[in-house]
Structure formats: structure tokens, C-alpha cells
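Both of the next two complexes hold chain A, though its partner changes from chain B to chain C.
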Partner chain A sequence: MIEEQFSIGDSFVHNLDPRVKIIVAIIFSVVVAVSTSFSALLPALVVAVILILLAKLPVGKVFYRLLFVNGLILFLWFLLPFTFQGDALFTVGPLVGTKEGVLYVSQITFKSNTILLAMIALLATIPISTLGHAMRQLYVPDKAVHLFLFTYRYIHVIFQEYQRLVNAMRIRGFIPKTNIHTYKSYAYLVGILLVRSYDRAERIHKAMLCRGFTGRYYTLSRFSVRTRDLVYLTVMLAAILGLVMLQWRVTI
Partner chain B sequence: MHISEGVLSAPVLITGAALAVAAISVGLKKMDSDKIPEVAVLSSAFFVASLIHVPVGPSSVHLILNGINGLLLGWLCFPSILVALTLQAILFQFGGITVLGVNTVNMALPGVICYHLFGRLASQEKRIVSLVAAFSCGFFAVLFSGILVALSLVFTEESFMAVAKLIVLAHLPVMIIEGIITLFCVTFLKRVKPELLGGIYGKGS
Partner chain C sequence: MESNNLIINLKDISFSYSGDKPVLDNLSFQLLRGDRIGLVGPNGSGKTTLLHVIMGLLRPLSGTIELFGKTAHEEKDFRAIRKKIGLLFQDPDDQLFSPTVLEDVAFGPLNLGKSPEEARDIASQTLVGLDLSGFENRITYKLSGGEKKLVSLATVLAMDPEVLLLDEPTNGLDDETEEKITDILKGLSLSCIFISHNLDFLFETTNRVYAMADGKILLDETLVPHSHVHTHRFGRLPHEHKP
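Right after this comes the complex of A and B.
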């Protein structure tokens, strides 16, 4: 359930320097998020799709991820066209859908999918541990990075613990329903999960102290920026600059 | 209660990010370096617990638990929730980079508020006081989150008003369930591990 579905691969994108990918992902997402013009959003979507293709990710899995977010957006499609003020475009019974509303929701749909695709192509293709070290080199505070890496490390351990507890509940005939008994059982499940992880945390802390832990996390991985990283960075920055110019109608 | 990428306007995103950076640095400052593994293990427990789906009639909702997170971690709930949301963004693509700040504030700020409002009351000896405080902690944390999400949407575009109201209304059953879960969870912790409720990490140095 908790796995890095896209992080393993040997494509061009997988082999790029993670720091370059993080920087590009952030700048690209921010530009797309603040864009409002379709003449910028359309090319942005094309760029995102190209990134996905370059990463050679399984299309089915990527599509499945998009499906979830678009479920939420579908909800906006049912509401926003009717709450927006503007010229009438169509009517459903007494409700009037406006042109402005439809344009606004389309904008959101484009932005969401574009940013999501770019995130899958650029960030989800970095293994979490590498991502942590890359963030550190990009001046994210040490404490935050350590918390990030440790949390990810223990999610798997705690998840196994959780599955064991749920199995124990099932063996004893627990069937979740809408009643107080169910909520109480789940609350105790959360409680015991917290208690066990607290006890485990103490043991881990002591074990780490024994091994000389002083709050620093050393890494052996070294990143290096190669020619192709620089080429990629330049091309992407140029593309993003193009999007900015399309959005704000700047002409050279 | 994530807001997806591409929905919010630039001013809302920037405000959210700025608030998040400020609050996270407070949280990080209160977290001793050698306590990081312990806070991390609790954070991962919350991450896993939020995957639990509880039934509500024919459908189900997943637990949010930002109330009890605040109760146990105090200000550290900001870095803890930031990490959880970052992991969710990368592993499941729920939420994303540009909304990370807004989403962190929307989830963690209610946790910190509830910690200050109900933290001391929840660990009191008197049974009825502690029960009411624990329920309120879970209930109001989700309510405040709902309101913050609604505000983020309405400040983006006034036409979101209807959507925003619907979101707060739809979370009413979630508030009640979170209240009940938090209530039982606090009673359980008081019996089994009372020191956890003392806000051991919350106070910090």
C-alpha cells in the first residue's frame, strides 16, 4: 500500500540529478499554479506529458493516479458553473450554467493535471531517501530533513504493526459497522498504535545513543551535476520562461 | 481535507506558505535534535492511523486525527504534519508542492489551537471534564480545519462560497466521529500511557 511506485527506473529522467529535478518541479508547479491563460496552460500540459513520456512510466498507473484527483475536480464541475456570475451558457432545470464558470473550472482541471503529471515525472521518480539528501543540499533545515527521513523509515514498521493488530481484530470477529463499538475499537487501535510506537521510539532513541547519535545524519551519497543535467535544466528553464511569456503576453 | 493543486489563487498560496514557514520554524526550534527519532516514530504512527477508514452509514471516511496529534505534539504538530503531507504528495500525489503550505496550516493550526484550548483539561483527573475536553479536541480540530479550507477557497474566488459551505457541512459527521475517536483514544491513553498526554514534546525547550 505504501510504496514508491515510480521511483525505480532507468530512464533519462530517473538518471538526472535529483536536485535539478526538484528545482525544475518547484518552478514549473509555481508558474502553472499562478497561470490563468489557456495559451500558457495548454503548452504547459504538453510539457508535462513529455516529461512523463521521457520518464517511461507505466501509463496505466499514472492514469490511475490522475483518476483520483479528477474525481475531486468532477465535484467542482457539478457546482462551480452554477455559482459563478456571468453569461448564461446552458441551463439544467432552474439552474443556469455560466460561461465564466465553465472556463474557470476548465482552468482548474488543466492546472491540477499538469502539476500532478510534472510531480509524478520529476519527484515520484526520486527514491525517498535520495530526495531527503537532495533537500538537505538545497538548504532545507537539517531537522526537517531528518524528521522526513526517519518518518518515512518508520511508516513501514508501524504499518506492519497496524496490519498485525487489524488481523488480530478480524480473527476475533470484528466487523466494522456504524456504531459506537466500532468507533471505540478503532480508537483503541489508534491508541495502542501510539503507545507501541512511543515505546519503540524510546528503544530506538537509546539504541541510537549507544551508536553515538548526536542529531546528525551522515550520508555517503554524493550528487554530481553532469552535462546532461545542465542541458536539461537549461531546456526546462527556457520552456518555463516561454510559459511565463505566454501567460503575461510578453513579446521580445 | 486536502486542497488539490491548481485550485487556489497566488495570494492565498503565498499567505499559506508564509504562515507555514513561520509556524514550522517555531515547531522545529522546539524540537531537540536528539528527539527527532521519537517525534518521527509518532509522526509515522499518525500517518498510518490516517489510512484507517471508519464506516459511516453506507460510505466511509478516513481518520484525520489532527486534534490528538496536536494534543500529543503541541507545536511540533506543524513539522509532523508537513512531513506527512510531503510524503502523501510524493507517494500518492494527494496535494502537491504549491499547496503544501496552505494544507499544512489548514491541518496543523487547528491541532495547535486545540492543544492550547483542551490540552490541560483533557489530562485532568476529573472524568467528565477530561471526556468533554477530549471530544471537543477532536471535534473542533476538524471544524477549524474545515473552516480554514473554506476560507482558503472563498479568498481565492467568491463563487466558491457554495462549495465552501458544502465542505464544512459534509464534514459534520467527520467532526462527530473524530470527537468520539479522540474521546476514547484519550481515555485509553490515560489508562495505559498517561505520560504521552502530558505534551512531552509539546513543551520543548
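Right after this comes the complex of A and C.
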């Protein structure tokens, strides 16, 4: 269901302290998201690509991930240039594409791809369980972390349950059509899935109680910041500062 | 009978889920230190319910539960005894909730107040004991059914319980894994209750088998596990042989 395609590896990026990666990913994304100048967005994209290369990720699979997001962005390309006020750049029949519109969509395209690449390089290279523990050490509230880890663990179980139900329907000749019978069957499917998930949650809680759970969650993981983490953090913060200066045209 | 040998003492327990038909009906049951009891019975006869009542996961409508010589009423009482009684759930997907095997096995020891290092050691050793070394960093949901069962067993054994309650431990296992679990359980010197439909398994691992029906344990119909190698139709169902 959720395949952690990129989480296992032995690259410079994989071996960094996950907390450092999370912090860098957040700051980098925020700076990219608020930047508007291409003199900042272009170098940011280069930085993201370098991170991907450092993580030694399979290029094909990374591209495949980008395809989904860019499918959505393609849709924006058909829409935004014609709905923005500004100087006319081109016309398609009665529609007028504006220069401002095109610039705006280009910005979105750059930003999305840059942030996605950075996320893949920095966050997708952390196994989900480690990500959970790193979040806790960064003072994300315990409840949020539990929610995150449990969702990850049980989304697979619920998906299997869903597949079992769908198969049970299929082997008895169910073919979805646009009729009441189909809608009713799907409603039952969703209903049963909810009930089963609830039951499951209850049994899991009981199993945890049996093992001495009292509401506090302890962890095995201890992370340590090493020299290379500090070097990486410094370099990345400098790079991000550079982007900020390019964006707001600050000169030293 | 020394009273401190009485580990589990259920007196006149009644329980029902929805209030109509009682699932446990004035049931009494005792487990002494060193007892190894097998429990058989048709589906829906209340075997799982019984184990959950013992663990305090379900509260009986009437009757008393005495565990290790103390009456257990509320969550607080049961909390203390859950360290001593280990329950293996029927469905391992209920038991394994951590992303990795090592974390899941270490969950119990951590709750018992062990340091991360100690918990890690205990977990690794338990896994080695079950012939599961190398599983530490496997993702729990990607294990096969048999592997999940074994890891679930590890999560229970890692808490070093005095009593072991296993709910259908061999269900859905292939012969090889079943043999492995049987061997492991034979080697443990714990008091235990094993629910199973598999009489061969119970013969190997327990010294008394009770049958459950209609919310009661039929003490007078105690089955004595006996060895006889033969096959016939329905040979797996409880059956007797004329001498």
C-alpha cells in the first residue's frame, strides 16, 4: 500500500541525522514557497536536484513521482494564463493569455517541483518509523506522532480488509454499474469498513493494555548529531540564506 | 492445596456482550501453578471471551476474579497482573502495531520500565530464542502469517510472564511452523492455558484439556490427551476410543 521506495539506502543523505533533514526540509520549503523571483527559484531547483543526486535515488522512480504533481499543474497551465488580468501575451480564439498569468503558473511549476524534489531527497529517505521518532524528538506532540505511526501501520491492514470485501463482492458476480444496487453495495462496503476499523482499534488498544501500556509511549531510538550533520546543516542554511538574499535582492 | 499456588481463580463468572444471551454462564475455573491446560470448544463458545475476562479487558456482570491470591475489580488491579500474565491474541494484526519487529517486541519491556538498552537486549534475545534472529528491522505488516504469529509470541514472551494465555496459536500455520511453535511451547516451564482446535498440538503441549460449551467449562468431561497415531474420518474432532 504505502511503499517506502526511497527510505532504504546508503548514501550521504540517507546517513544524515533525520532531525537535521526534517529541519532543513521545512526551512527550505517555506523559503521556496514564499519566493517569487526566478533568480531565487532557479538556484533553489538546482539545490533540490543536487540533494536528489546526493541521495543516489533511482532517477526513473523520482520522475514518476513528479509526473503526478505535474499532471495537476498542466491543468493550471490551461486555466491560469487566461484568468489573470494583465498584458496580453497570446490569444487562443476568444481567450487572451496574459504575461502575468504565465509568469504565475511558471512560478507554481518551479516551486512545486523544487519542494517535491527536496521532500523526496530529505524526507522520503527516512523510514517512516524513524520519522515518527525524529518528530517526537523535535517536540511534535506525542498524540500527533502516535496518530502518524498508527495510521501508517494500519492503513495497510484496512486496505487488506477492503480488498477482502471487494473480492467477496466480486466472486459473487458484482459488477459496478450506475444503479441503486451498486450504490447500496458500496455504502455497505464503506459502512462495514468503518465498523471493522473501529473494532480493530479496540482490539489493538486491548493488546497494548496487556503489554503494560499506560498511555506513555517509550522509544528505542536515540539519534546523535555528528560532524557531517553539522557541516551539512551549515551548508544548507547558507544556501537557503543565499536564496533569501537573491529573492529580496539583499546585498552584503 | 496451598493457596499461593492458586494463580487464577474464577468464581461464578457471568458475562454477556449485549445483555441477552450469556456468553459465560456462571463459570468457575482454577489454574494452579504449573498447570498446563488446553481449552477446546466450538466457535463462539466463549473461549476468547474467557481469556479477555481473565485479563480484565472485559468486566464480568457477576462473579469474582482472583489473580495471584488477590481479588481483581478495577483497571488498577488488572494493570498490576498484566505484567505476570501474557496474552497472545487470536489475530496477530491486533498485537503487532509498531512499524518494526524490534520496536514491537521492546514495547512491553519499555512499559515495564526497562531502559532502551535493556529493552533492546531483551527483545533481541527473545527473538533469538524463537529462531527469529535477523527479523529485528523487518516491517511488521510485511511479515507472512506464520512469521506474524511467531513475532506476536515474542512480544508476549519478552515480558517474561509467569502465565501464558494463547488464543489459537497454531491457527493458519503450515506444518513446519506449527512444529516449531509446539517445540518452543513444550520447552517453556510456565503455567498456561492454550486455546486450540488442534488436539495433536494440545497433546504435545498441555497435560489436561477442558471442553467449553454453552458458556461453561465442562469439568466432568475433561479430555485426557493421549497418544495414538491413526487416521480416520473427522479424526481431528474431540473423540474417544474404547480401550
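Keep in mind that, in the parts below, the second predicted complex is superposed on the first by the 251 of 252 C-alpha atoms of A that agree within 3 Å, B and C clash if a C-alpha of one lies under 4 Å from a C-alpha of the other, contacts with A are read in each partner's own complex, and residues count from 1 in each chain.
The criterion applied here is as follows: contacts are C-beta pairs under 8 Å (C-beta built on N, C-alpha and C of every residue); 3 or more make two chains touch, one makes a residue touch a chain.
Treat the numbers as computed from the prediction; the structure is a model and nothing was measured.
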- Message: Between chain B and chain C, whom does A:Gly101 touch in the aligned arrangement: first, second, both, or neither?
- Response: first
- Message: If you tally the residues of chain A touched by each partner, is the higher count for chain B or for chain C?
- Response: B
- Query: Looking at the overlay, does A:Ser129 come into contact with chain B only (first), chain C only (second), both, or neither?
  - Reply: second
- Task: Give one of first, second, both or neither to describe whether A:Phe150 is in contact with chain B, with chain C, with both, or with none.
- Result: both
- Message: Between chain B and chain C, whom does A:Lys206 touch in the aligned arrangement: first, second, both, or neither?
- Response: second
- Query: Which holds for A:Leu220: it touches chain B only (first), chain C only (second), both, or neither?
  - Reply: second
- Query: Of all the chain A residues, which ones make contact with chain B and with chain C?
  - Reply: 128, 150, 152-154, 157, 200, 204, 208-209, 213-214, 216
- Touching residues on chain A, where the partner in the complex is chain C: 127-129, 132, 149-150, 152-154, 156-157, 200, 203-204, 206-214, 216, 218-222
- Message: Using the touch definition from the top, list the residues of chain C that touch chain A in their complex.
- Response: 52, 55, 57, 79, 82-83, 86-87, 89, 91, 93-95, 97-100, 102-103, 106-108, 110-112, 116, 119-120, 140-141, 155-156, 159
- In the complex with chain B, residue positions of chain A that touch it: 1-5, 25-26, 29-30, 32-34, 65, 68-69, 72-73, 76, 79-80, 82-85, 101, 104, 107-116, 119-120, 123-124, 128, 131, 141-144, 146-148, 150-155, 157-159, 162, 176-178, 180, 182-184, 186-198, 200-202, 204-205, 208-209, 213-216
- Item | Touching residues on chain B, where the partner in the complex is chain A | 4-10, 13, 24-25, 28, 31-45, 47-49, 51-52, 54-57, 63, 65, 68, 72, 79-80, 82-84, 86-87, 89-94, 96-99, 157, 159-163, 166, 177, 180-185, 188-189, 192-193, 196
